[in-house]
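Starting off with a structure, shown below.
Chain nomenclature is as follows: A, B, C, D, E, F, G, H, I, J, K and L, assigned in order of appearance, with residue numbering initiated at 1 for each chain independently.
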C-alpha cells in the first residue's frame, strides 16, 4: 500500500508560451513511456533567445513515478 | 523608520492553474494571520500529477513581514 | 563558427502580471545595450507585496550573449 | 480538496538512540501544537558528543502541515 | 579493467521502519532491472505522516552501476 | 536533560551600524516572544542603499530555542 | 522545430589520461543506446588513486538528448 | 514606478579594519560608475593573511542598481 | 571558558549495519588521536554495494573538537 | 597597496580541444576590454555535442580584475 | 616559485565582541601550529546565546597555508 | 576488510600546464605525509593570472585515505 518505490527521470520541456506549458509538455512526453506519474520537481528554468526576444522556455524537471505497480 | 525587524515564514501554496496563482494563494492565506507582509521568496516549485496530467502546482515560498509595527 | 565566447550579465526584471513577463522585461531592457542575446537562466524569483497583495514579480536572470561577433 | 495550503516549521529533535527516533521526537513535539501534519523533510543531522562518545543525535527537520482545514 | 563506465539512476525507496530499510528497498527494486550495482548516494530523506505519526520513510537515492560489462 | 527539542524561526534584523548589531536586534526582538533562545545561525547578509551609501544592514538569521522547558 | 523535449541521463566516465577523455568515454558509451545527444553538463570530478598515484579520472556528467525526433 | 529593472554587478571590496568597511569600500567604488544603487548582497568573505595576521578583509558583494531611470 | 577555539576534521566511517553505527565508528577512530570531541556534522551518506546488496554504509562526517584546552 | 577593489565578470569560453583552452579563450577575450586581470574561478563546464561527439567545450568562468589602478 | 601547494584546515573561532575578532582568534590559534598562512575563507557564522543575549560569536573558517616551503 | 575508516584532507595543487597536473601535484605532495590514499574529489578550480595570461592553475581537492591500516 503506502510504501511505494518510485523512480525519478529528468526531462527538459519546451514551450513558446509559458513555464507551465513547458512543464506540461515534459509531463505529456514522459507519459508516453512511463505509467503512474506522481509528481514533478522543477529544477531549472531557462529561455532560448532569438532576435533579441524569448523564443521558447526550457524547463528542466524531475518526474517521479511509481515502480511497484503491476 | 528604516531599520525594521522582519520575520519569515514558509508556506506552500497550491493552484490548479499556474505558479503565480499558487504563490498568490499562499500570500492570501498568510494574510489571514500576519500583517504587514513585505515580500515573497519562491524557494521550490513542484506539481502533483494525477491521471498522467498536472493536477495542481505546489509552490513553497518564504513570506517576509514586519515585526516591529504596533 | 561554433566556438563562440559569451558574456553573462545579471538583470532583475519586474512585472505586475507574471514571472514570464518579468523575464521578458529584463530581456527587452538588456537588448537596449547588448546585441546577440542567446539565452536566459532564471536564478531567483521574488515578489514585492503591498497591502497584503502581490504588487509585482521580481525575477533575477542571467542573460548570455555572444561577445565575438563584429 | 486537492489544492491545500501548507505551512512548514523547522524543529530539531534529539535522541540518544537513533536518527529515526530523533525525527520521531520532533514530530511528537510538533503534534502538540499543530494539527494535520503531512510530511517531514530531514535537513541536517548532527551529534552532540560527550566523553568521546555520541551522547545524542540532533536532527533538524522541516515539518509540513495543512493550514486550510477548519 | 579499472576504467569502467557507470550510469546513475534516481530511486525513492520507502519503509515503515527505518532510513536504512528504505534504502535497502530501493536497491532491491533497482536490482530487478539493472545488474552490477556498485554504490548508492543518499540525496534526500523525507517522511510521510499520517495521524500525527511517521507512517513511512521516503529516501531518494542515486544508484550507480557498471555499464560496460557484457 | 540533554535530549531537548528545539524550534528554529527565521528573523531579519536591521542596523545602521554593523552586521553584529543587526543580529543583536533580531535576537532582542525574538526574545520578546520566545524564551530559552540557544543559538543563532546567520544565513544571509544584505544592505539597503540610499543616496549611494549603505543606509542599513539587513541580516537574516535562524534563531534556535528550546521547546521542551515548562 | 525549436521547442524540443529532452531527457537527461547521468553517466560516470573514466579515463587514465584526462578529464576530457573521461567525458568523451561517457559520451561514446551513451551514444550506443541513445540518439541525438545535444549537450553534456559536468557535475562531479573525482580520481581513483592506487599506489599513491592517480590511476584514473572519474567524471560524472549529465547527458542531454532529444526525445521528440522519430 | 514600482516595476523597475535592475542590474547586479559583482565587486570585491577590501579593508584592513572590518567586513563592513570592505563592503562600504565596494559600494563607494561602484558609485563612481553606476547611479541609483539600491541594495547589496554579501556573497563571500575572505581574508588575506600576511605574517600570520589578517592583513585585510576581502568581501565579494553583488550590487543592485536601477537601470530604468533617466 | 565559553569562547573556545575548535578544529573540524572530516572522517568517513563505515559499518555493515547502520548509518548510526558508521558515524559511531568514525567518532571512535577519531577519538584515538584527538581529545575533547564536541560535535559531529553528517555531510554525506553513501553505500557500497556487492552482489546487488548493501555491503556497508559509508558516512562522511565533520568532527569538531576543542583546541584550546591544555 | 594591498587593499584593492576588484570587479568580477562572467564569461563563457569555448574550445574544440580542452577545458583549459576554453578558459584560456575566455581570458584572452576578456583581456581585450579589461585590464589588470588577477584571477579566474571556473563555475560551470559543459560540452556541445554534434553527431554524437563532443564538438566543443563551454566553460563558464568568473574573471576578477583590479578596479582601482589608474 | 608561483606554483605552490597549499593545505586548508577548518577552524571555528569564538569571540564575545565581533565576527572579525572571532576570525582573528581562529587565525591566532592556527598560527601556533602551522606556518605560512596565506588566506582565510569564512564558511559559517553562528552565535551562542545565553540569558536571551548573544554570549559569543562562533565563526567557522577555512585557513589556507603553504605546504611546500622548507 | 571492507569497512574501513577514512580521513579527508583538503589540498590546493598548482600547475602551469593543466588542471590534471595541478591535481597530480596535490596528490604527490599529500603522499609525502599520508599513506594509503584512495580517492580525490575536485572541489574548486581557479587560475592565477599575470600579464593578462593564465600563470597557473589552482585546484582545490579533497584527498581521502585509509586510517585503519597499521
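Convention: contacts are C-beta pairs under 8 Å (C-beta built on N, C-alpha and C of every residue); 3 or more make two chains touch, one makes a residue touch a chain.
Computed from a prediction, not measured in an experiment: that's the story for all the values here.
Chains touching both chain G and chain L: J. Think of it this way: of F-H, H-J or E-G, only one pair shares over half of the G-L contact pairs by residue number, and it is F-H. Per-chain CA centroids place chain I at a distance of 22 Å from chain K. Averaging C-alpha coordinates per chain places the centre of chain B 44 Å away from that of chain L.
One finds 23 Å separating the Cα centroids of chain A and chain B. Contacts with at least two other chains are made by residues 9, 18-19, 48 of chain C.
By the definition of touch given earlier, these chain pairs are in contact: A-B, A-C, A-E, A-G, B-C, B-D, B-F, C-H, C-J, D-E, D-F, D-I, E-G, E-I, F-H, F-K, G-J, G-L, H-J, H-K, I-K, I-L, J-L, K-L. Of all residues in chain G, only 2-9, 62, 64, 67-68 touch chain A in the complex they form.
Across the complex, chain D is touched by residues 18-19, 44-49, 52-54, 57 of chain E. Chain contact summary for the complex, chain F toward chain K: residues 18-20, 23-24, 27, 31, 35, 37-42, 63. Against chain E, the residues of chain G that register as touching in their complex are 9-16, 25-26, 29, 48, 50, 55-56, 60.
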